[in-house]
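In order of appearance the chains are A, B, C, D and E, and numbering begins at 1 in each one.
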Amino acid sequence: SSTFSADTPIIAAAASTKFALEEIVKAFHQDSGKNIRVSYASSGNLTRQIQRGAPFELFLSANSRYVELLAQQKKTANTAITYALGHLVLITNRQTKIALDTELKGISQLLQKNSLNRFSIANPAHAPYGIAAQEALKNLKLWEQIRPHLVLGENAAQAAQFSSSGAAQAGLVSYSLALAPALKNSSRFVVIPANLHRPIEQSMVLLNNAGDTAKLFFKYLQGEKAGKILSRYGYTKP
Amino acid sequence: MAESPKMAIHIRLQQQKPIPLSVELECKEGELLALVGPSGSGKTTVLFAIAGLHKAEKGIVRCRGELWQESEKRQFLPAHQRHVGMVFQNYALFPHMTVLDNIRQALSDSPKSEQIIEAQALLKKVHLEGLENRYPKALSGGQQQRVAVARALARKPKVLLLDEPFSAVDQVTRRKLYRELRTLRQSLNIPMILVTHDLEEATLLADRIALLHKGEILQTGTPEFVASHPKTATVARLMDQQNLFTAKVIEHDKETQKTHLRWRGIALEAFYQPQLLLNQRACWMIQPSDILLHRRDKPTKGDQENPFQGKVVEQFESRGLANLLVEIDPELKINIAINVPLHVARRNRLAIGENIGISLLREGIHLMPYQKLRRDVL
Amino acid sequence: MDWQALTLSIKLSLAALLFLLPIGIIFGRWLAYRQFFGKSLLQTLLTLPLVLPPTVLGYYMLVTFSPTSGLGAWLSSTFDTSLVFNFQGLLLASIIFNLPFAIQPMQRAFAAIPREIRDAAACCGMKPSRVFWKIELPLAWPGVVSAMVLSFAHTLGEFGIVLMVGGNIPGETQTIAISIYDRVQAFDEQSASIMSLSLLLFSILTISFTFWLSMRSEQKYG
Amino acid sequence: MAESPKMAIHIRLQQQKPIPLSVELECKEGELLALVGPSGSGKTTVLFAIAGLHKAEKGIVRCRGELWQESEKRQFLPAHQRHVGMVFQNYALFPHMTVLDNIRQALSDSPKSEQIIEAQALLKKVHLEGLENRYPKALSGGQQQRVAVARALARKPKVLLLDEPFSAVDQVTRRKLYRELRTLRQSLNIPMILVTHDLEEATLLADRIALLHKGEILQTGTPEFVASHPKTATVARLMDQQNLFTAKVIEHDKETQKTHLRWRGIALEAFYQPQLLLNQRACWMIQPSDILLHRRDKPTKGDQENPFQGKVVEQFESRGLANLLVEIDPELKINIAINVPLHVARRNRLAIGENIGISLLREGIHLMPYQKLRRDVL
Amino acid sequence: MDWQALTLSIKLSLAALLFLLPIGIIFGRWLAYRQFFGKSLLQTLLTLPLVLPPTVLGYYMLVTFSPTSGLGAWLSSTFDTSLVFNFQGLLLASIIFNLPFAIQPMQRAFAAIPREIRDAAACCGMKPSRVFWKIELPLAWPGVVSAMVLSFAHTLGEFGIVLMVGGNIPGETQTIAISIYDRVQAFDEQSASIMSLSLLLFSILTISFTFWLSMRSEQKYG
C-alpha cells in the first residue's frame, strides 16, 4: 500500500478499544514518528485469524481468555500483559424514562411491574462485555428474570446501538462506548461497580512475527501517556 | 365515403408513424374481404389496428354498432374486449400449452365440459385430429398454422381476421380448409378479412378484394373485376397482370363500339372506352385468357380480332395449363404471355421456337390512364 | 443442533417468499412492460439494498423503526406493533434485502415473453388478469423460480441485518444463521459444523427438488 | 439404389424417433429438387438432417465427395462446417442485427470491404434495397423472409436448402424471385432442395420433385410426370388430383392400344396399360386439362372419346380459367372437375345449372393399382 | 470519507466482475444448453454460498486456505501466494459468494435464446466461438448485465466474509463496507452517513448508467 511504508506493523485490536486506541496511535506517531495500522474486529475473530496466520504483530484482546488460548498454541512471542480494565455501564436512551442506578433497582422495578420490554447486552456466549454483563446480572439476582427480555448484540457496540436507539429500553455496555460523543448526546448512563463482575481484562501480547515498532508500541501502551488516554476513555489501570 | 349503417365493420385509419397509412375499408355480415398487396404494404398493420393491437394516430373502427376506436373521442377498446378471431402471420401459439389447451383459451366463455368437445370439433375442422396433446414445438409449421386457425374460430368472433392463414399448409389440405371456410361463412355470418398474397386464393374465397399499396387502398371490387378492370397500371401490376403496355388512343368509334389504339406502330382495336382522351397515351392490358391461339387447321371467329404472328420463347406447364411467352416483335422484344390447356398445346404441337398466331380479343383489352411503366414488368 | 433456530429460519424464509413472490412478480412485470423516464434509476434504487453492509442497513432500519423514532412511535400507537426485535421486523428486513434478487430475474423473465404471444392472448378474449395467470406467469415461471431460490437461500444465510433488527432472541429472532455464527464465535466449532451441515443438507434437498420440478415442466414444452 | 458418384448430394436417412423417417434422395449439380408433401410429412426434418441440425439415427449424407454423416462410422460433420445455405421456415433472423449485418454474418469468409458490397447486391436480388439498416422486428413477414433468402445465398453454399422460402411473399415479388432463382441456378451450379407446398411453384422451378408422405418418399420424377403418372392413388391425391376414381379392368386391347374399363356401369376407354390385371379393380385418374368441353356449335375430333353429359354444379374463376365441377351422374353424385379458359367458358355460356357435354381424353386416363379411396376426395 | 477503502472496494468489485463475467457466462451457458443427470443438484450446489452466514463461510474459507492448512501450505510453497489476509483472498471470497447471482441470471438469459437462431448461425458457417460472440452473448446481454449489476452491488456491500478472510487491514483489505461498519460500531454516525451516502451515490451513478446503456441497446431491436 502506498500510504504505509513496509515497516508499518499491523496490530489486531478488539473493536471495543477503538476509541482509545485511535488516540494512542496518534500520540505514538507524534512521539516516535512511527506508524501503526490497526485491524479492529471482535476478539474472537481476531483470535481465529491469528490462529490461521494473520500477519498481525501485536494483539490487544478485550479478554484475557483468548490471549491464553493463543499462548497455549505458541502463537505468542512473550507473556501477556493486562494493560487496562474495562467497565460496564447501564445505558439508556435519553427519551426513555428509566431510573438509572448502580444496583439496577430501576430495572428490577420495571421487571416487577412487568413493563420492561427489551434489555440489551452483548452476547455472553462470546463477547467479553457480554460475559461481564451476565455475571453482574447474576450477582444482582436479576439474571433469570431478565433473560426473557434480553436482546443480544454481536458485541458491546451493537448492544449499545440497541439501547441508545431506544429499540431496547436499557442495556449493559462498555464504559468506553458510553463516552463516545455521539452517545453522550443521545443517552444517559451510570457505571456499574467493578465488584459485580470479574475484571474485564484488556490483555495484550506480542505475536511471533512482532517487529521493533510493534515491540515499541507494546511498551508505549504500558506507559503513562497511554494510561492517561485510556483512563479518559473509561479504562482503569489493572 | 359516408359509412353505411349496414356495414358490419367499418374502418378508417390515418397515420404517419411508424408507417404511413391511409385506409378506409368496410365489410358486410357474411362477406369475405381479401386484403391483398405487396409484401410490406401494411396488411398486417391494418389487421392489428382492427384487432386493437395497434393504435393508429387517427382512426375510427366500428363493428356491428360498437365503437371500437374513435381517436377524436380518445376512445380505444382494448383487444380482449373486441371479440375478434385473429390468426397471426407467425401463428403465435402459446408454447406452454398443448394444442387442446391453446384452443380452449379462446373458449373460456363456454362451460368447461363443452370446451373439450368444441375444441375437438374445431381440430377436426382443420384436419388435426389426434394431435390434441402435442405441444407446439412438436408440430410442423403447417400444423401450427392450423392450430392457430382453430383457435381463432374458437373465439366465436364478431369479425374474423386471417393473416395469411394457409401460407404454410400444403395444397391438398388447403383445398379442404377452403371448403371448411366456405361452410363456416354460411354458418357464422360475420365479416371476415383475409390477408393473402395468393391472388388465386383471394379469387377463390373472397367476395371482394381490397388492394393495399404503401399503406393506401388502391382499389376494391370483386376479384375478377379488379383483375380485369384495374383502375391504374399500378393496380394491374400488383394484380400480377403480365401483359401491360402503353399505346396511343387514336379514335373512339361509338357506332362500332370500338376504341382504336396505336401500339408501337401497330393498330389495335379495343372495346369502346371513351373516357380516355384522344391522341393521348394510355396504358392497356389484356389477361392471358383473353388471348386466342389460332388453330392451325381451322380458323375460328375470334381469329380476326387483333391478330399477331409470333414465336414461342418460353413455355412451362402448370396445373394442366401451358404457359407460353410469345415474342411478337423480335426487334422491340415485345413478349406476350398466353396460356392454353395442355391438351390444346399438345394437339397444336406448341414448343419453344415454334411460330404461332394469336388474337388479342377486343373485349379483353382494358385501357387505363397513362403512367410510366417499370422496365421489369414482363 | 438448534432445531428452534432452524425452524425459525425456515419459517422466515417461507414467509419472506410469500411476500417477495407477489412483490417481485408485480414489480418485475411492471418494469418489464412499461417504458418511462427514470426507469433505469428506479431499477438502480431497487438494487441498493445490496450496496450497504447488511449490519449498517440493519442499523438504519433499527433507528427508523425504534419506538423513539417518529415512525416507530406512530406504528406502535396506531397498530400496536413494532418492527424491531420480533418476527415482523425480521420479515420486513428479509423482504427489503431480497428485493434485488427477487425483482431483477423476474423482470428479465417477463421481458423475454414475445409480444405476439401476449397479443394473441388478448385476441383470445383473455382479460389482462387471465393473460397474466395463464400465459405470462407460466412462461416467466423458470425465472420466477430462479429468483425465489436465490431469495430463499439468501434469507437462510443472512445474519447481519437480521441480528441487528431482530436482537438474537432465542426462539423469536435467533435464526439458524445467527446460531451458527454464535457457535463459531464461541469457538464451539463442532456444533457450528453440525449446524452448517444440517442447514446445507436441508437447502440442497429443498432447492434441488425445486429446480428439478421447474426443469421438468420446462422440458415438456421448451 | 446404389449411389452414383455423379450426384452432388446423396442422402439416406432411417429413423424411428422422434418421427419415423425412411428417405433416400439425390440431387445433381445445378439441379433443383422440390421436396413436396403434406404438412407434417417430415420435409423440414429432412432438410435439418442435411444441414446437420438434426442427427438421424441411421443415415448417410454425402455432398460433393465429402462425407457429412455416416452413422455407422459415427461420423457427423457439425452444421457450421457443412457449407449449406438454409432458409428456415420461420426465417430465424438474428433479432439484434440490422438486415445488412444479418447477411454479413454469412459472408464472413469475404474481406470486410467486400462484405457490404456483396450484401447489398444480394438485397437488391431479393428486392429489398433501402432496408439495410432496419432491424428484423421492423420488417413485415415477407420482408423478413426475403432477408432470410439473401442470407442463405450469401453463404456461397455447396447446397442450397430452401424451406418454403416464398410462402410469405406476394405473388408479384414472388415471380421476380423465381426469375432470380433461375438465374442463380445457372451461375451457382449447385444442388438445390426446395421445400414447398405449392405444386405450381414446384412445377415452375423444379427439375424433379420428390413426394414425401409420413416420412417416406413415395415417388420422384419431373413435376409433370409425377402429376400425370402417379404410381399410386395416394400419390395422385397428394398431387392434388381431383378426378380420382376406381373402376374394373375389362380388356387390354393391344391392337387398338386401348385398355377398357367399367366404371360404375359405364364403359371407359383408356390408353393401353397392360400392367394392370384383367377383371381386377384399379384406380384411375384424369387431369382436368385432359377433359374436353364439347362445343355447342361444332363437335371436334376428341368428342368421341369417353363422352359424358352432365350438369355444372360449381364454377369459379381463377387466373383466367373457369374451374367447373360437372355432375355426370346425379344419383351416384359423381362429379368431375374440369377447367377451360375464361373466354371459352364465356363463349359457351357456361354457368351453374347448365347442361354440358365433356370427353375424357383416352390419353389422359391413367391407371393405378387398386386401393380404397377416401370419401373426402372430391 | 475513507477514500482508500472506497477505492479498494471499487477495485475489488471490478476485479470480481472480471472473473465472474467469464465464469458466469461459461457456467450459465453450459447449464442452459446441456441436459445431464444431476443438473438440478449442480445448480443447487451453486446457490449454497448464499445459505451459510457470510462470516461462517469466511471462517471456513480461512480454515481452508490459511497457511496452516494443507491446501494453504501447498499454495504458499508452490505459488508463493496466500489466499487469506490479502487482496487475492478478498477476491476469491467475493467470487465465491457472488457465484449464485452471476450464474443463475446468465443461465436463464442463455436459455431464452431460441434454438433456431443458434441453428441459423451454424448454417451461416459461424464457428461455435463466433456464434457465441456474435449471437449468443449479445442476445443474452441484458441478463448478463443484470447479473453483473447484482454481483457488483453485492461485492460493494458484503462485509462478513471479507472481514473474516481479509482481516480488516487498512489500505489492504479494509473495504468501504467494513469501514462504514466500523464507523457505525464506533457511533461515528456522521462519518458513517457520509460514507454510506457516497457509496450509494457512486452506486446509483454507475449502476443506473449501466442499466440505461443496456436498455437502450435492447430497445433498438427488442
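By our rule, contacts are C-beta pairs under 8 Å (C-beta built on N, C-alpha and C of every residue); 3 or more make two chains touch, one makes a residue touch a chain.
What you see is a predicted model, and the numbers here were worked out from it, not measured in a lab.
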| item | value |
| --- | --- |
| Any chain in contact with chain A as well as chain C | E |
| Neighbouring chains common to chain D and chain E, by label | none |
| Per Cα centroids, the chain farthest from chain B | A |
| Averaged-CA centre spacing for the pair chain D and chain C, given as whole angstrom | 58 |
| Distance from the mean Cα position of chain E to that of chain C, given in whole angstrom | 19 |
| Chain centre separation in whole Å, for chain D relative to chain B (CA means) | 22 |
| Junction residues of chain C - those touching two or more other chains | 55, 59, 181, 222 |
| In chain D, residues with contacts to at least two other chains | 90 |
| Per-residue multi-chain contacts in chain A, two or more chains | 45, 158, 161 |
| Touch-based graph of the chains, sorted into line, ring, star, complete or other | other |
| Interchain pairs in contact, sorted by label | A-C, A-E, B-C, B-D, C-E, D-E |
| Residues of chain E defined as touching chain D within the complex | 114, 116-117, 119-128, 130-131, 134-135, 138-139, 220-222 |
| In the complex with chain B, residue positions of chain D that touch it | 18, 36-44, 89-90, 138-143, 145-146, 164, 167-176, 197-200, 203-204, 224, 237-238, 240, 287-290, 292, 302, 316-321, 339-343, 361, 364, 376, 378 |
| Residues of chain A defined as touching chain C within the complex | 42, 44-45, 69, 93, 95-96, 118, 120, 123, 125-127, 150-154, 158, 161-162, 165-168 |
| Interface residues, chain E side, partner chain A - complex | 4, 55, 59, 62-63, 66-69, 72, 82, 84-85, 163-164, 167-172, 174, 182, 184-190 |
| Residues on chain B engaged by chain C in the complex (per definition of touch) | 51-53, 78-81, 83-86, 88, 90, 92-97, 105-106, 108-109, 135-137, 151-152, 154-155 |
